[in-house]
Amino acid sequence: MKLTKLQDKWAAGGNGLNGWCSIPSSVTAEIMAGYDFDSLTIDLQHGLVDYQTALTMLQAMTASGITPMARVPWNEPGIIMKLLDGGALGIICPMVNTAEDAQAFVGAMRYAPEGYRSSGPTRAMLVHGGGYHDAANETLVSLAMIETVEALSNVDAICATDGLTGVYVGPSDLAVSMGYKPGLDRQEPDVDEAIGAIMVAAQKHGKRAGIHCGAPAYLSSAFVRGFSFATIASDIRLIGQAIGQNIEEIKTA
Amino acid sequence: MKLTKLQDKWAAGGNGLNGWCSIPSSVTAEIMAGYDFDSLTIDLQHGLVDYQTALTMLQAMTASGITPMARVPWNEPGIIMKLLDGGALGIICPMVNTAEDAQAFVGAMRYAPEGYRSSGPTRAMLVHGGGYHDAANETLVSLAMIETVEALSNVDAICATDGLTGVYVGPSDLAVSMGYKPGLDRQEPDVDEAIGAIMVAAQKHGKRAGIHCGAPAYLSSAFVRGFSFATIASDIRLIGQAIGQNIEEIKTA
Amino acid sequence: MKLTKLQDKWAAGGNGLNGWCSIPSSVTAEIMAGYDFDSLTIDLQHGLVDYQTALTMLQAMTASGITPMARVPWNEPGIIMKLLDGGALGIICPMVNTAEDAQAFVGAMRYAPEGYRSSGPTRAMLVHGGGYHDAANETLVSLAMIETVEALSNVDAICATDGLTGVYVGPSDLAVSMGYKPGLDRQEPDVDEAIGAIMVAAQKHGKRAGIHCGAPAYLSSAFVRGFSFATIASDIRLIGQAIGQNIEEIKTA
Amino acid sequence: MKLTKLQDKWAAGGNGLNGWCSIPSSVTAEIMAGYDFDSLTIDLQHGLVDYQTALTMLQAMTASGITPMARVPWNEPGIIMKLLDGGALGIICPMVNTAEDAQAFVGAMRYAPEGYRSSGPTRAMLVHGGGYHDAANETLVSLAMIETVEALSNVDAICATDGLTGVYVGPSDLAVSMGYKPGLDRQEPDVDEAIGAIMVAAQKHGKRAGIHCGAPAYLSSAFVRGFSFATIASDIRLIGQAIGQNIEEIKTA
Amino acid sequence: MKLTKLQDKWAAGGNGLNGWCSIPSSVTAEIMAGYDFDSLTIDLQHGLVDYQTALTMLQAMTASGITPMARVPWNEPGIIMKLLDGGALGIICPMVNTAEDAQAFVGAMRYAPEGYRSSGPTRAMLVHGGGYHDAANETLVSLAMIETVEALSNVDAICATDGLTGVYVGPSDLAVSMGYKPGLDRQEPDVDEAIGAIMVAAQKHGKRAGIHCGAPAYLSSAFVRGFSFATIASDIRLIGQAIGQNIEEIKTA
Amino acid sequence: MKLTKLQDKWAAGGNGLNGWCSIPSSVTAEIMAGYDFDSLTIDLQHGLVDYQTALTMLQAMTASGITPMARVPWNEPGIIMKLLDGGALGIICPMVNTAEDAQAFVGAMRYAPEGYRSSGPTRAMLVHGGGYHDAANETLVSLAMIETVEALSNVDAICATDGLTGVYVGPSDLAVSMGYKPGLDRQEPDVDEAIGAIMVAAQKHGKRAGIHCGAPAYLSSAFVRGFSFATIASDIRLIGQAIGQNIEEIKTA
């Protein structure tokens, strides 16, 4: 089983820059894969993408060497396993609120005896090579989203989950759960403190800490702070930014 | 967040006439949206439609101003939230048999602190406007299907669920559950009585009562009886009716 | 090569009742195929259907035994041959205005030496059987649309085309070409006379005469008049009729 | 409701030869249906297929008379019912580890009072006929996969489940669960013994025993041993076999 | 037939700002339609879009009121008419090199007696209203691309074509034809002179002059120069710009 | 612009082994690309594939390094250019019967001044690199099919076409044109002689000679004879071969 870009980056002590695919299109996926991301995550939760389209997006990413990942709609084994069999090398799972949630998630990611993933990596074996089965449990990236006050209160137990690669902060839901409006790149002291606490908990257990970001500057500061995985704005936000800028320039010419 | 047709109708004291989309096609969805329905429900349960196609159907309905809704395959948070994020303004949930079922359903429809819906209304915000987050919990339509004897026995507790918009009678499954053959527009006294009891329970708790109908005359009588939301035969039945009539006229000419 | 329903009907001296598929969906195609039509035509011209979807529609019609046909967007060999290879057993070609047009059309329908159709009936052989190549030239239905004043003036030469199965009146375009508004079931004496002349020209050359109709009564009268192939309103019109009727009944209840 | 090929075969005392569809395409499904299988199973678990594509595959199989089946991603009622409503006549459910799992599975397959399947067989009624509701509970094929050591220890209780058609051995996962590498056609004595025990347990309870196979010879021996349902290698393995053979012949010419 | 945004802009003496859709997705089309363009052109020539997907994109644009347009792959009547029937209100035709080319193009856009467009505006009538047939010839926008030295030499004759709305400069192909490398926003004096000459020829015949641009500043200067229709960089370029900028900011942080 | 596998093979004096994709699926395309072919041709003529699906197939082939090619439905510039812009590195054009046909084909493949291909290699530039425009005219593979007696009589003139990479024998259509039944691997002396003459004509003009084959042995002999490009049976035939073999083994066990 060949390692891909995110794994190489982490092995070399670097941080993983993640792109976010919310548009259901193998064309936008392939365009994104042409840029210098370490991983790309297809968002099957809030993105407008379902499995069959995600499969074509995974195919379109293969040539790039970027680590293909997916966020699932919910912590359910069926869709987690389908995406892994389809070639995803990492899964971000939303709303992991308890240690039990984390164990269910990680169990779905791993073959027996470590977990209960069913064996049948139809496309994964095709594109990631013959040693897939033996390497999968150790190689696949599992990131549990910490995005509620309940998760925050259980973050130590969640981070203690054996086999979990790391946690991933969902700042918008976390802030909503703390009584704020949704949005990225939070400035509220208590939300920021919570984000820091999640990172520290992960590090304590030797786990990766990742975070969903909006602006490049915020993302850069997250790397400085100690996060080793961070996502820059989704394809939908990116295309919106560019259209906005271009039209603004024209209207004000 | 702009109000749509069903909401305006209800606000004005009227009843909501709902169309039913079982064909997986943005073309039939757009055709349906050209007629004088107040809402259109894409059926992801018994209809032949899955999320990715439902998304194109939601897009095709937008210009009409009709309230776009969906029935989910089962009471599962993943697909409920995906459809809301995709722009559905209402969800009909099948097989809500207990107050716990109803709470799980309503929780998936609402942002914290009222519920546990995850924030990320990707398309919803695009088409329903910037105030989406603040208005969503109050605006989205949640209808729990009452369609078993178990649900019937719990109907008062279900109707008491905070945040639930109303209940929706599934007369065919209800009748099957009571020992009859499937079918709409039930005439059996005990089924009819059960339907009436559901409506009364809803009204007692200030909730909407809706019902799945077959013939126009039955639907009209349901409005008279006190239901404020009713569905006329699905696109598949409609096209069948028309073909049948046309061929009949030709064969007997 | 097995004969299908239209061919049997014609062989028995009957008239062919044709359905019209404008919705790009294998589901509506399968629904239509469940009714008592002799043939179904997928409309790739004015219908909202392109080849890849038409293929799934052809598949969905197979079990019914109805003769699957297609109208092509234009008199071009590429798409005519693709649809035949995909299993269509008949082609309606729009805007055949001259004998040269008719010869080009028929040539694309037939293997050498009668025509220039390229051999490779990938799906056709799968579903219509091993004798496909030998039987195709004689079995496939080719209908040239007569729908302009130019075509009308050349109708005798067009009907004389060797290998052509028949002509198909496009009353709406014909009327537009004669200076009227578009529409089916024409009542204007000169348009009606032109339609009659087309039928007579076809019969003189031993060819089939077909016509696109709107109302069942008009279609029935076309059969009486001598047409042996006629189309009743498309799936889009049918669904519209039914919705209109149902809503009307409800609104006036 | 018409019986299909697998049911006829079983009724005549024969064994069911099952084909396996992992490619998401109505074209490969139709090709497979052209061969002498008794049933074809669309694999929504490890196959690369989701519901919307599976629907077109079910349509493409209809003309063949082969019994259309599906394997679901997980033991979840939503997708089981959707596939049945879409026309599947049998469901293979993965990872049935306990009697409770089996009861949940069988309940989703059957209408009240035997189960909790919701009524609305939209396409099933179209293609399988008007008596569908009455015959469905008795006619639909439900196969629970036995593929873990836990399931093995509960096999007697699982096989005792009322309404279950039979069990289906997943030898690869079973072997993984027993500490071996994945793969079909197991030769290890303890795995083979376990497979035999599953078959015997099924027979004891008057249930069908099925098994997933690789090579034709292994499959034949499974029928001899007493299995009455067996699957030969998937479409993806088949196409790979043929390409390998052809290229090998060319390279060594 | 309702007027749309481009037509209103022109009627008010303004210039049309056109967006360009190369990604085959109704989602990107809907995103683009949320911004302040006057028209959006789906590119079926160099874009990665074919008819069936273009149809869903046309549907996704409807709610915005932006004028939906399409560039066809080649000057062929079949695809021009299919796109108009699908609801496009304007067509950009590539490689119009002679007056004959222009006449063939315009003829395909117009109903008899002005042209030879076949009548059957299936979706166009649904979304643009009942007066479609009468208004179409005068309302639909036809832009002939001038992008070769041959076209340049015939520009006066092309601009004289009755019924043509205007010409559209393809600067990249034009420059290639003049011996330069491809690219937008040309600075070479002779190419710039040619572009000016095309604009003047259009104005002389009372026709619109449009141009394909890259940078906002170039586009703004084109409006100043006298062009009344101009396109800003495609969705693919826009998303690339934004990704590039974001990654650049992160890498240099 | 990077060279791909077929080009490397030819540069090294080897022969190109071509695979043939008739199934409209990115999954089968990716499977095929995992085997040791030098090029893969997506068949848009007799295959069941149209542009939008072909695009996903081109994407799925990219990682393999195999040269992606396509056969077009007919000698039409629109679809030739669309496939090249989509990333195809070679085109096989059917029914090239005259030198004029060949010039039209080659012209559509080449940018000015050598041809009339329009510039806008949207995906080609993305995946084949920045030097695409400059290298394309020399690098892209153009193969004209010789498959009628008319083509045979003009083969010398066709082979003399400047810029044409070579010719490709369509033995089935050629045989049909000569009065035989369709089929590959022809044994008739006159057909075999004609095939030899085509190869010799190509070689005389320094052009490649390719041929469509059935059995591996025939293909090997074609390489021996002097052809430097040959196709082995399509994905549909391959899957059929394998199913046939497996079922035969089971039935005879």
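Each chain gets a letter, A, B, C, D, E and F, in the order it is written, and its residues are counted from 1.
In this section, contacts are C-beta pairs under 8 Å (C-beta built on N, C-alpha and C of every residue); 3 or more make two chains touch, one makes a residue touch a chain.
Note that this is a predicted model, so its numbers are computed, not measured.
Enquirer: Give me the set of chains touching subunit B intersected with the set touching subunit F.
Expert: A, C, D, E
Enquirer: Name whichever of A-F, B-C or A-B reuses the D-F interface, so over half of the contact pairs are the same residue numbers.
Expert: From the options A-F, B-C or A-B, the copy of D-F is B-C.
Enquirer: Once you find the CA centre of subunit E and the CA centre of subunit F, what distance in Å lies between them?
Expert: Those two chain centres are 34 Å apart.
Enquirer: With chain centres defined as C-alpha means, what is the inter-centre distance between subunit A and subunit C in Å?
Expert: 53
Enquirer: Find the geometric centre of each of subunit C and subunit D from their Cα atoms only, then give the gap between the two centres in Å, rounded to an integer.
Expert: Chain centroid spacing, subunit C to subunit D, equals 41 Å.
Enquirer: Would you mind listing the residues of subunit D that make contact with two or more other chains?
Expert: In subunit D, residues 24, 27, 31, 48, 50, 52, 55, 76, 79, 123, 236 touch at least two other chains, as defined above.
Enquirer: Mapping chain-to-chain touches, which pattern fits: line, ring, star, complete or other?
Expert: Looks like something else, not a line, ring, star or complete graph.
Enquirer: Tell me, which parts of subunit B touch subunit E in their complex?
Expert: 26-27, 30-31, 34, 55-56, 59-60, 62-63, 123, 126-127
Enquirer: So in the complex, which bits of subunit A are touching subunit E?
Expert: 17, 19, 23-25, 27-28, 31-32, 35-37, 48, 216-217, 219-220, 232-233, 235-236, 238-244, 246-247, 249-251, 253
Enquirer: Across the complex, what residues on subunit C touch subunit E?
Expert: 22, 24, 44-50, 52-53, 72-74, 76, 79, 94-95, 147-148, 170, 172-173, 176-177, 179, 181-182, 236
Enquirer: Which part of subunit F faces subunit E closely enough to touch in the complex?
Expert: So the residues of subunit F touching subunit E come out as 50-52, 55, 76-79, 81-82, 85-86, 111-113, 116, 118-123, 133-134.
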